[in-house]
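The data blocks that follow each hold one structure.
What follows is a pair of complexes built around subunit A, which joins subunit B in one and subunit C in the other.
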Partner chain A sequence: MPTLTIPVEEKEIKKPLEQEALITGAEAIAIACKLANVDVVTAYPIRPYDTVMQYISQLVADGEMDCEYIVAEGEHSQFEIVKHASACGARVFCGSSGVGWMYAMEALTVTPALRIPMIAMVGNRALDDPGAFGVEHNDALAVRDLGWMLTWVDSAQEALDTALIAYRVAEDHRMFVPLAISCDGAFLTHSQALVQIPSQEQVNKFLPRYNRGDLLLHPDNVISVAPQANEDWVTEIRRQNYAVTEIACDVIREVYADFEKTFGRKYGNPFFEEYMTEDAEVVLLGMGTISTPVRVAIRKMREEGKKVGFVRLRWFRPFAGPEIAKCLERFKAIGVIDRDFSFGSPNLSGVVATEVRSAMYTGSKTRPPVIGFIGGLGGREITVPDVEKTAEIVFDAAKGNAQPLTQWIGLRG
Partner chain B sequence: MGKLFAVEVIYRGVFQKNLAKNITRDIVLAAHNQGKLGVSFGRYGDAPERNGIPAKSFAIVADDEQTLEAGMAQYEPKQLDLTVVLDDTLCKGAESWAWYGLQPVHQALKPGHTLIVISRDDAPALLKNIHRREQPYKLGIIKGITSFSGMWVYKDDHTDVRVLGAIAKVLPEVMTFESVEKFINEKLKSSLKVTSARNAFDRFTSIDVKAGEGNPEDLFKFDLPRWEDMRCGVSIKGQSQGGAFADPVTGEVGGFRPARNELFKKYSTRTQRPVVNFSTCSKCTLCWLNCPDAAFDVTIAGTYDTNLTACCGCGICEEICPVKDCITMVNESEFHDNNSQWAAFETDKDAYLKWLESTIEKAEPIEKRSHGFRYRGQYKEQVPEALEVAKKG
Partner chain C sequence: MSTFVDEKPTQNLELFKGVKKVPHEEYYTSGHRTCQGCESAQIMKLMAKAAGPRTIVLGSTGCMYVANTSYYATPWGVPWMHTQLGSSGSSALGAAAAFRVQMRKGFMKDEPINVIAFCGDGGGADMGLGAISATMCHPDYNLLILMYDNESYANTDIQISGTSPYGVNTSFSTPGKVKRIMNHRWKKNMAPLIMAGHPTVKYVGTISTSYPLQAMNNVRKALSIGGPTFIHCLNPCPKGWDFDPVLSFELGELAVNTGIWPLYEIENGKLKLYGKTEQIANGRFKRLPVRDYLLKQGRFAHFIDDDIDYFQSKIDEMWNKWLVPGIIPLQKEVETE
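Moving on to the complex of A and B:
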């Protein structure tokens, strides 16, 4: 895209941050926003996302962050405001949880089409009613078809790093689509862990200025955005977003490589993380903080001689189908743990299980059983014994025994 | 696998939220001074919590990542090395994560380990409330007035650092006093606080509580239903209206007792309860009308009896009662049952009135309090008072 020169004043770097801090996943993202020199933040309180809104407001109040901070009257306006601010060249940050995110849906659907690289934090929360504040992934997953990038993190460190990566990926001129970083409500948003905070200098090297080029809404760049369209135009407009998805994985790989060079922290394969999979017979697969009880359970099972591993999916959109299929095809059975539901889906499985099966159908040389598990909804724990039981079922399927394709973890009944 | 340490801080929701959070954060940071890794987190449920609900905050600490991860793999530690109770009325019972009913305050404390309570009472008084258990444990008291250090206000009366000092005495493997001192100097930057921590460290003692010693009460609990047994459509059955009931002493049926939720009991939030002078009550109905929880039973005589399984201790009745000294909010820790005051009055009027007078005197009628909490917080005039009590501790 051709570039447009926009006169901008340099922002003074206020108070350098501590190198190591005890912070929540939400605070980590707030700090990333400060380091990324975000220009406009809109907020509307809803648990568990609202801690990031509180932390940012604290930074602004203390003079440590210079940005427009607007509390909207609801999530619909909240997301509309940053959409427009981004269209005018502001680097923006937004976020919500559960039904708040759903309330913003009209704004969420158009940001990919309008090529708005907004970064949103979704504090995953059960869709209520029933009114629970605990984690469930359906909120973020609700936009999975619309052109949003979706990623799940499992630690405060990863949350901070991924937020910086997110700005770089979303604002890449080949991308220019919004990106939501999902943090499990409570388990990640509210628990405090030790995090290494990079220096402003490192971040400045890593993140170029947001440059909207020819799409910038500005009096010197006379364009119209979002006029009425009809059947002559929509197909081609959608095809343009499709083009982004064709190269998204490449862009993500490039950015992670650069992240590693700049900050020294290795993430390896950006799309998923493998744990003890080298000689595994079966694997479990999931997203988010379920990784903690799963890893602990796997270490325990390994001591008992059970060859089980774990694949933690980081990126849900783009879904690195061929890579995932290639990774999974060597195992005798796979257990996908969905912290979500997808009522009426094929085999009644959750979203991730359905997508994994789809990826394997086309990308895998083998056809191992993929058992879908639904659990941990509404903030219910998935315990180490739960994981062990799940693995047992997957081992059983690996032996060739028939197992129901969707099973519930920790259900009372 | 290395050793994992878990410390739990039980506090009054909202009123002590920031104090609890600070203590668990401080433990992790002090332990980090001697190379340990840690995580601090709170129960996530009602947030902001209901005023006064028993709530918990945790710090888990380990020497290596793997051990720490094993500790993080459950949301609430199942085995605690130490429990700190920031308000002594919590000794009547606390609630756990995603579980309903009450549990003893030492529910997950490892046998032989220490329960620390902030209180002005002595151990025998506390053990009237703390439930008996099958294993022995240690009980230590940090002398102090319950600190009102919650979400909007923070009574910086050094409770946080005194707790750190006591923990360093009990669990030096988690953090030594030197680590605590380093933390206070670097992060809190107050030599006065180092002194307070040091005093608490030097003075802390504990007694051995034998197996079976304590409150014999069977705590309220119930089982959650299976999914097939639940109503669908996210619906629950409502309460019936309630009506006349049998008087506890005469058995005569009359008055009005509202139907109350069989399963959801709010009395665990109480730090104070109303005591009623039925002989001066003018039967104006205002307490009954204004109680947000319909906690008053209308007696057959037309007086108003607080039903103490329903009362959450907010104090609105005392505020609204037009008769001087008819309803008085008093310190909850004096009481060890939820028995009907009307029944006691009916049984022996003179004895009851004598009891009432002495109770009010002993149980500190609360003159300045806020939001249904025993003690007011953060106001400058109260901090010296709190420090005085602490100094004598």
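Moving on to the complex of A and C:
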């Protein structure tokens, strides 16, 4: 396997109590749960997310983490258990992959409306059929309309940090909606990297205790939660979740700013990360671990004099439409790489391309071509040559040449 | 810290020593919209009264949700939360786990809190059976799952479930020109299923709203004994069973007196029949013919004598041939002459 030469900033470890460890994305999230003093965790086996639950099992057994660790008999129950635990005041963690996530779908659906700040890790995995294990984003994306917050991370460090940020964001009283952290199956869940693990003291400063306030289900608080409603009240109930989305971006910005203050790690713009975009003519856009081959390809192309950059979307929900549009409007063409499919969509593009186009239609002063690319499905690697070919197509579109609006990367035959 | 089962000490809810000793406080009161003569609502009332105020109730979808708790009204004088049709098992487990850990970590006052999840027969015997079964295996959590059985998916306008009687007329089992009997399934034996399949469960019982004092006391026993517990209640339903609401109570009694609905509890592995069922088992009471029960209900109006005889034969088999009459359907091998 080729080693990547990535320019590394010389960082001084700010707090002596911080540790450094070589861990996988899944283990990073398990450690975050331990630091966050999670109360109830439910587990159910499905690859590739479930290593996070194996790590948590060991932490509990070793006395490093104090929580109720329950192995459910299916994902529907798995998510229902933590949903109700959260309603009764417990900080919870859950997770799944692929069709396991789909098996939980009824539970996932009701959680936002019930205002349950559950944190879930999705180890992105292709949906059956066929029963592929490799990464695809459709599992997590399936809840995008329901009120879940969705974020994609591309490194074990970002996974750990985002898990801590997630509890702060979700449990903010202005939010109280569930949040799923997506980690590309295998490529992030199972690959190891050096991670700075914050100290318990730092985390305690950053993360207050989960406080459900007067929504708490407890004998001292006689409430009825989620009585039946119809055309008389459903609209207003939905509007409450809508109100959350109106301020979600502000809350996220606040929390990232506080994270930076507390832990000293800068993420800058929380919603997306720009790589070599300053003088770029065209950009590629995507989510998750495609950032690795993409950045390598971009450095290679830059050496060849090609002015290309990369925008890595972190937050899919809320979708920072105006910011994304403002960022993208200056480029001559954009290539969105979707590690997902959206059969029958406008222009047959993937989910991210469709949303980017939608954001640009209203938020951009210009109309650069947005070419949608579908690739890397079922865990197929998006290689550096794949990225170069993709960029070539986008450059061609930038020249004003007609390019199909959806193209498949690396399709065989 | 114990390396074995990590049980929390429970409480001791004393049994009500008679109807006059039952407290007057209602924890399930007006604010619901159930039908006249609804015995399912009745067991909600009795269950809440028996449990008292230090209780939270998880209510899965069904008549006791939709006909019961509609915004802006609620009948619940204890905290109540909706849960999904198949989630009575998982919701109870989640709530019990949350209270346990928060008490252990010192975030919540350490005290017994009754966690009760109710389900209808549709949500419990069908969709939610897996979740209930899983929850029954967790000895560390104190909770009660109460299944109110009106022998149908009642709220969706009466359709057969796993506990519907053989041959019953429902909107998914309509007698017609070619098929008189659309439902060939015999009623699922839920309480014994839970009991036999989950050897560490300390309390499984059947109750009837026609015997309200025992029903309340069995709930109190289940909430005191520790670990996950299960109670199955038969609830005559005037709309679904098609009878005049004034007959609800009588039909509940008839179900027991015909031997169709046995009353028993299994406490720490020991089986005890009670009420008329005990008298049926020890021969002091002759079971009434099932005809007396079936033909009082419009849902069996299409039955011909053959159907009633078949039904009777199955009840007779239950009492005459079963290893544990009325409860365990195994039959001993008969030695050849």
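The rule is simple: the second predicted complex is superposed on the first by the 395 of 413 C-alpha atoms of A that agree within 3 Å, B and C clash if a C-alpha of one lies under 4 Å from a C-alpha of the other, contacts with A are read in each partner's own complex, and residues count from 1 in each chain.
Going forward, contacts are C-beta pairs under 8 Å (C-beta built on N, C-alpha and C of every residue); 3 or more make two chains touch, one makes a residue touch a chain.
In this text the structure is predicted, and so the values were computed from the model without any measurement.
Colleague: Put subunit B and subunit C onto subunit A via the superposition and say whether they clash or fit.
Modeller: After superposition on subunit A, which the two structures share, subunit B sits beside subunit C with no clash.
Colleague: Where does A:Glu68 make contact in the superposed view: on subunit B (first), on subunit C (second), on both, or on neither?
Modeller: In the superposed model, A:Glu68 contacts subunit C only, not subunit B.
Colleague: Pick one for A:Arg412: touches subunit B only (first), subunit C only (second), both, or neither.
Modeller: It touches subunit B, and subunit C stays clear.
Colleague: Of the partners subunit B and subunit C, which touch A:Phe133 in the superposed model: first, second, both, neither?
Modeller: first
Colleague: Which chain, subunit B or subunit C, ends up touching more residues of subunit A in the combined arrangement?
Modeller: For subunit A, the partner with the higher number of touched residues is C.
Colleague: By the touch definition at the top of the document, which applies to A:Lys83: first (subunit B), second (subunit C), both, or neither?
Modeller: Once the two structures are laid over each other on A, A:Lys83 reaches subunit C alone.
Colleague: May I ask you to decide whether A:Arg312 touches subunit B, subunit C, both, or neither, giving the answer as first, second, both or neither?
Modeller: Touch status of A:Arg312: no partner.
Colleague: Is A:Leu194 touching anything from subunit B or subunit C once the two structures are fitted on A? First, second, both or neither.
Modeller: The first partner, subunit B, only.
Colleague: Report for A:Gly379: first if it touches subunit B alone, second if subunit C alone, otherwise both or neither.
Modeller: first
Colleague: Once the two complexes are aligned on their shared chain, state how close subunit B comes to subunit C by Cα atoms, in whole Å.
Modeller: Minimum over all C-alpha pairs of subunit B and subunit C: 22 Å.
Colleague: Which residues, counting only subunit A, touch subunit B once they are in their complex?
Modeller: Residue list for subunit A touching subunit B: 22, 47-48, 129-130, 133-134, 185-187, 190-194, 292-293, 295-297, 299, 379-381, 383-384, 411-413.
Colleague: Can you list the subunit C residues touching subunit A in their complex?
Modeller: 53-56, 58, 65-66, 68-71, 73-74, 76-84, 86-87, 89-95, 97-102, 104-105, 107-108, 113, 130-131, 133-134, 138
Colleague: Residue numbers of subunit A touching subunit C in their complex, please.
Modeller: Touching subunit C from subunit A are residues 37, 39-40, 42, 66-68, 70, 72-74, 76-78, 80-90, 106-107, 110, 209, 217-219, 221-230, 232-233.
Colleague: Report the residues of subunit B in contact with subunit A in the complex, numbered from low to high.
Modeller: My answer: residues 25, 28-29, 32, 37-42, 44-45, 47, 66, 69-70, 72-75, 98, 224-228, 234.
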